[in-house]
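Next up: some structures, all given as structure tokens.
Consider the two complexes below, in which chain A is the common component and chain B and chain C are the respective partners.
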Partner chain A sequence: MIAWVVRRLGGAATTFLVATVVVFVVTFALPGDPARAVAGGRKVSPSTLAAIRARYHLDESLPSQYLHWLGRLVRGDLGESYASRRAVSDMLLSALPVTVILLVATLFVEIVAALVVGTWVGMRRSGPTDRTVVGLCTLGIAAPVFVVASLGQYLFGVRWGLLPVAGTDDGLVAYVLPSMVLAMAGAAFGVRIMRTEVLEQAHLPHVRTATGKGISSGQVTRRHVVRNSLTTIVTFFGLEVGALIGGSIVVERVFNLPGVGNVIARAISQRDNVVVLGFTMFVIAVYLVVDLLIDLFAMLLDPRLRAAAW
Partner chain B sequence: MDVDTCVDVSADVTSIPDRHRAGLPRKDVPMKTSHRSLAACAVVLTLALAACSDDGDDSTATSDAGSSATTAVSDATEPASDVTEPASDATEPAGGSGGTGGSFSVSISEPSALDPALAQEVEGAQVIRLLFTTLTTLTPELELAPGAATAWSVADDGVTWTFELDPAATFSDGTTVDAADFVYAIARSADPDLAAPAAYQGYPIAGWADVLEAEASGTIGDVPVAGVTAVDDLTLQIVTDAPFSLLPMLLTYPVFAPVPSELADDPAAAEAFAEEPIGNGPYVMAEPWQHNESITVVRNDSYVGTPGIAEQIDFRIYSDILTSYRDYQAGSLDIARGVPPEEFQAAREQYGELLIQTPLAGLGYIGLPVARAPFDNLDFRKALSLSIDRVALVERVLQGANDPAYGYVPTQVPGASQEPCEACVYDLELAQEHFAASGVEPGTTIVLYDIADDGQAVIEFLTNSWADAFGLEIEVRSFEFAQFLEETAADKVEGPFELGWVWDYPSGYSMLQPLFASGSGANNLSYASDEFDALMTRIETSTDPAEVPGLLNEAEQLVLADLPMLPLTFGREATVHAERISGLQIDAGALYRLELVTVTD
Partner chain C sequence: MTRLWLSRLVHLARFRLAVVLIALVTVFVVAPAAVIALSGGDGSRTCSIRAEDGSYQDRLSPSADHWFGTDAQGCDVFSQVVFGARPSLLIGVGSGLVMAVIGTLFGVVAAARGGWVDSLVRRIGDVTLGIPFVVGAILLLSVLAGDQRSPLELVIALSLLGWPSTARIARGAARTVLVQPYIESARAAGAGTSYVIRRHVLPNALPSVVAYASLSAGALIAAESTLTYLGIGLQVPTISWGLMIEQGQRSYGQTPHLIVFPALFLTATVAAFVLLGDALRDSLDAQVEVTA
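Here is the complex of A and B:
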């Protein structure tokens, strides 16, 4: 088990290192001279350009810039934003709480929906409820986040005045609408996956046996059906974290939440390469850790997986 | 202020194309159902999260920066006899006791800096102009008025300017604003170590170029600009390389604002300055800049000039103007700067007088590579211009959010040509005549650059106009702004491109000179006309302010006859404000006079 974890950590570290190269190359291969972007696009004096280039090591070759960046990364220094001249780590630290709250709230909605609704309709196959929920799920998956976010903002925020339109001034209430919107697609997916799993499990021999032994249907559902369905859904939510970080860029922008996604979107449009790089690598690191945790959690749930990993 | 500003601001406006249109409330039954379930879940989630700690709230401790009661209203030294007569500040303030108080919120996008030396866009300038008072300032009507300098004069040599500082003026930390602070601030702005984006502004000042173009030393502000000296504590002398009559106008730019000279020896203070600048303006920071969230300023009750009216101003930072507009609609934002184009018509009907429209000195233009065939042909350039229906462009494509431009300088600016330029009207017949005269074959392919994010609709309009009128084949190439600048630097631009220009200070000179003078900052395609350059020199050396408008007019007519770029639109700032807000004025440079806003509750 421990050997397995060590192997996985080694794999994650390698993936991370490869990702730094790829992301670095992609970010810096984007056309447009960052030094000129820093200078606001004017014809600036050559000495100013030179000073900017020296300040951000832009005058060096790409591999040398990469090594500089990596060397600082090891020391926990993500560099300095071209656009705002702030430390990227400071920017990350101030943006992080917002995104964490948003993602936790979103996952909470998704998990509750998947477990409760998914199991519920799974046990009631082919009825009108089943068909309605499946239909709604299709709608939830198909509706673009942009559209739902804007519509939700207009209706709940402006028309009915039930929830804040934007910003985090209202505390946690501010996250209600954004997390609902962000959760929509994931929750719909989760419900469908859970429903399918439950459907399959419900007809397996051990479930029939359990029912036949006279165990109550609630007990059967919880102990035999749901537990065996969890592995798939847990893996799904692991992947979902990655998808949510992508979706949060849109939602944070629409609802003006000063989170990680909002900063990345702005940095990309400003050619603020160091910020794009730092934030992207952070997201990748988070994703790798989540992936590992999910695998460990799946093993905890399913002894067969544990046996395979020994 | 900057081409980049134009592009950036418009990018924010329209990077959400069709989003709202798709989101208009319709009576879709299935959506209603799903909303009801969403609302139900919302309640559950709120309860669940209520247990968690409540953060991001109540952090705005209203610091009472105005407690020191030294309300020294300037009874300044009388201006010397040969002083350039500044516009009298006719709008007498509410008095030393300050205005009516209250607080209001206004939308802004994350500024690139609050340090005046690093200011380069209009967002930061909205805050900086409240925190800092430059030597000279501008009235809302854009006339020169005293600022940190109570009086100024130029010697007979035309290059030596003397500025008298207000002895009662202080920075918000209580230290006196003296000439040394200006000497330091100007050395700092010129220093390549700071790499100030707007450092190009200072070139007229003697010695500026030597500092800016020298090798960076590693220390900011260590090399003084030779032309800027402190005669005594309260007298600042600025010498220009050549006579430059527009210097007092130029000095209204934030890059020349005073900075406490103590920063030079105090690295910690210098670092803090970026987050919570110490200025000499009518407002002071109430707390450090909350990045991506808010900037809160409170009235500076020890300010020597006209005090602000509201007690507190909250700049709320938004990344999207549709969001700020929605916040305004929901009643949680007092002033929304910018109305999304797709909402403009509805806003006009719904908000009536609460919607303010301000014509701006922001020109949208089509640049042409005049050194390249067929754009080197004046007939062809005229044909292109005459085939653009600017009224239709503004009304149908830009939804009435701009004004058509028939010249390079907005008509409200002194000296601007009042008549549409000959080749700037819509006249297809005349266009055909010029096209025939140009000898360009129908079916010729020309490259059209799509640079600004908002350009697409405009680019489509131009493509259709030119294809329909002359049968030209248009090849559209999309470029990022920074990338496009490299193309211009490498002289690789093959066809027309759409860009914008906003003046740096309110004069037709600041519209025309950067765009058309040889070797100038925004003269992307190196247009050169000796005659034009000579006129600019005459304006710079003029000792008679009355002759400047005439010279500007002559210069504009000269370029319009040559038509190296086609004027397309002038910007218009659309603002909506709450009913509790009155007295809001916005100048043609898109700066909001927030110190004049009165709040009634």
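Here is the complex of A and C:
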């Protein structure tokens, strides 16, 4: 078990290191001159540009710039933004709560939907309810996030005036619509997967035995069907966290939430390379950690996986 | 093997498949042809701010003349929605195919060779999938295309970001085949690696890849329109659903038809590919775990 964790950590660290190289190269291949980004679009003399390049090591070769950046990263320093001169770590700390609230709310909606609706339709297979829910799920998967977001803004914001549609000035209420919108596709997938799992589990002999022993159907569902379906759904939600980090960028843009994704998108258009790098690498690190945690959690739920990992 | 797939397809999913395909054909082939025939021109842009009698033709609500109304430039929304299908379909199917080919190649080679080749392919896949999709797309598109973006650049960017998931599926399918006893006996009978791959591995891996490619074509169409909507995909004067929705959003309250119709067609198209993928998976008995 410990050997397995160490091996997985090593793998994740390698992936992270390779990712730093890839993202660094791509970021610095962006068209446009970062030195001019530092100057903020003002007309500046060639000597000033040269001074800026020297200060940010922009006059050095790409490998040397990379090593500088990596060296600072190891010491926990993500550098400072070209555009605003703020420390990237400060920017990260102020953007992070927005994205975390959004993601936690979204995951909550998705998990509740998958467990409740998925189990419910799974236990009543092939009736009209089942077909309706499956159809709705296809619709939820097919409708792109920005389409749902636009329609949501129009209906709940403009037409009925029920919910705020932009910014975070209204506190937590501001996250209701964005997280519902973001949760739609994942909830639809989750319901589908949970339904399939429950359908399969419900016919296994041990479930029949439990029912035959006279255990109430609620108990059977909870203890014998749902519990055995959890590994699959946990793995799905692990992957889903990764997908949500990508999807949250779209939602943050549409709803103008000052989260991590919004900052990355703005930084790319401003050629603010240090910010792009710092934020992207942070997101990748989170993704890798979540991936590891999910595997551990799956082992916690399923002793057979634990045995296999020894 | 091919014939077996075909018969399964016909028997098991005939109904669903037919519904899906009819919907696809109507949206993409019949409707554009009808628009061209009706408008009498090339049909790509039927716009006029002022009609012959001098009345303004912009932002009209849906009517018999303009089924889906007109936009701010007086362009007929119906013909735009229909012609907006072309870039989306081109990009979705194009990058879906490229992903399927590259992914199968890398996945099968990784499974067959094992060792460092396998680790390398998996590592590249991990890194690629670890980068959030939208961030990767923005970065790649800025580097590849700068400010001039055509469908080709979008296909390249989307395929580069998407192939690892196909490779994972192909690798998984190939590995289940490679450990079968009949592979061992084929090898003992003198079959070489390329023969085993062609005759045994590919035919068994392809159903999963084909089903996944259809699902991903839907996802890729959604991705293209999302990027376009965010201002980093296709650009005017290309007619595209993403652009139409973005422009329609500027005059929400007054002209909801500018958003509703392209949104409807976009969603229906993605749904068609998802359903097609589902039908293919069921009838080809492919093992595809559906994830976004």
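For this structure, a couple of remarks:
What we mean here is this: the second predicted complex is superposed on the first by the 302 of 310 C-alpha atoms of A that agree within 3 Å, B and C clash if a C-alpha of one lies under 4 Å from a C-alpha of the other, contacts with A are read in each partner's own complex, and residues count from 1 in each chain.
Criterion: a residue touches a chain if its C-beta (ideal position, glycine included) is under 8 Å from a C-beta of that chain, and two chains touch if they have at least 3 such contacts.
The structure displayed is predicted, hence computed values, not measured ones.
When the two complexes are overlaid on their common chain A, residue A:Leu177 makes contact with chain B while staying clear of chain C.
By the touch criterion defined above, A:Phe237 lies against neither chain B nor chain C after alignment on the C-alpha atoms of chain A. In the superposed model, A:Trp69 lies in contact with neither chain B nor chain C.
When the two structures are aligned on the shared chain, A:Phe24 is found in touch with neither chain B nor chain C. In the superposition on chain A, contact is made by A:Arg253 with both chain B and chain C. In the overlay built on the shared chain, the residue A:Ala265 is in contact with chain B and with chain C. Of the two partner chains placed by superposition, only chain B is touched by A:Ala51; chain C is not. Set side by side, chain B and chain C differ in how many residues of chain A they touch, and the one touching more is B. In the superposition on chain A, A:Val147 contacts both chain B and chain C. Using the contact criterion defined above for the overlaid structures, shared-chain residue A:Val158 touches chain B and also reaches chain C. The interface of chain A with chain B overlaps its interface with chain C at residues 31, 139, 144, 146-147, 150-151, 153-154, 158, 253, 265. Listed in rising order, the residues of chain A touching chain B in the complex are 31-34, 36-48, 50-52, 54-55, 83-86, 91, 94-95, 97-98, 101, 105, 108-109, 112-113, 136, 139-140, 144, 146-147, 150-159, 161-177, 179-180, 253-256, 258, 262-263, 265-266, 269, 271. Of all the residues in chain A, the ones that touch chain C in their complex are 14-15, 18-19, 22-23, 26-27, 29-31, 138-139, 141-147, 150-151, 153-154, 158, 185-186, 189, 192-193, 236, 239-240, 242-243, 245-247, 249-250, 253, 261, 264-265, 268, 276, 280, 283-284, 287-288.
Contact residues of chain B toward chain A in the complex are 2-4, 7, 11, 15-16, 19-20, 22-23, 25, 30-31, 33-35, 38-39, 41-42, 44-46, 48-50, 52, 54-57, 110, 112-113, 118, 120-121, 192-193, 195-200, 209, 212-216, 274, 291-293, 316-320, 322-324, 326-327, 329-332, 480-483, 485-486, 521-522. Interface residues of chain C facing chain A in the complex, by the touch rule stated above, are 123, 126-127, 129-135, 138-140, 142-143, 146, 218, 222, 225-226, 229-230, 242, 245, 249, 252-253, 256, 259-260, 263, 266-268, 270-271, 274-275, 278, 290-292.
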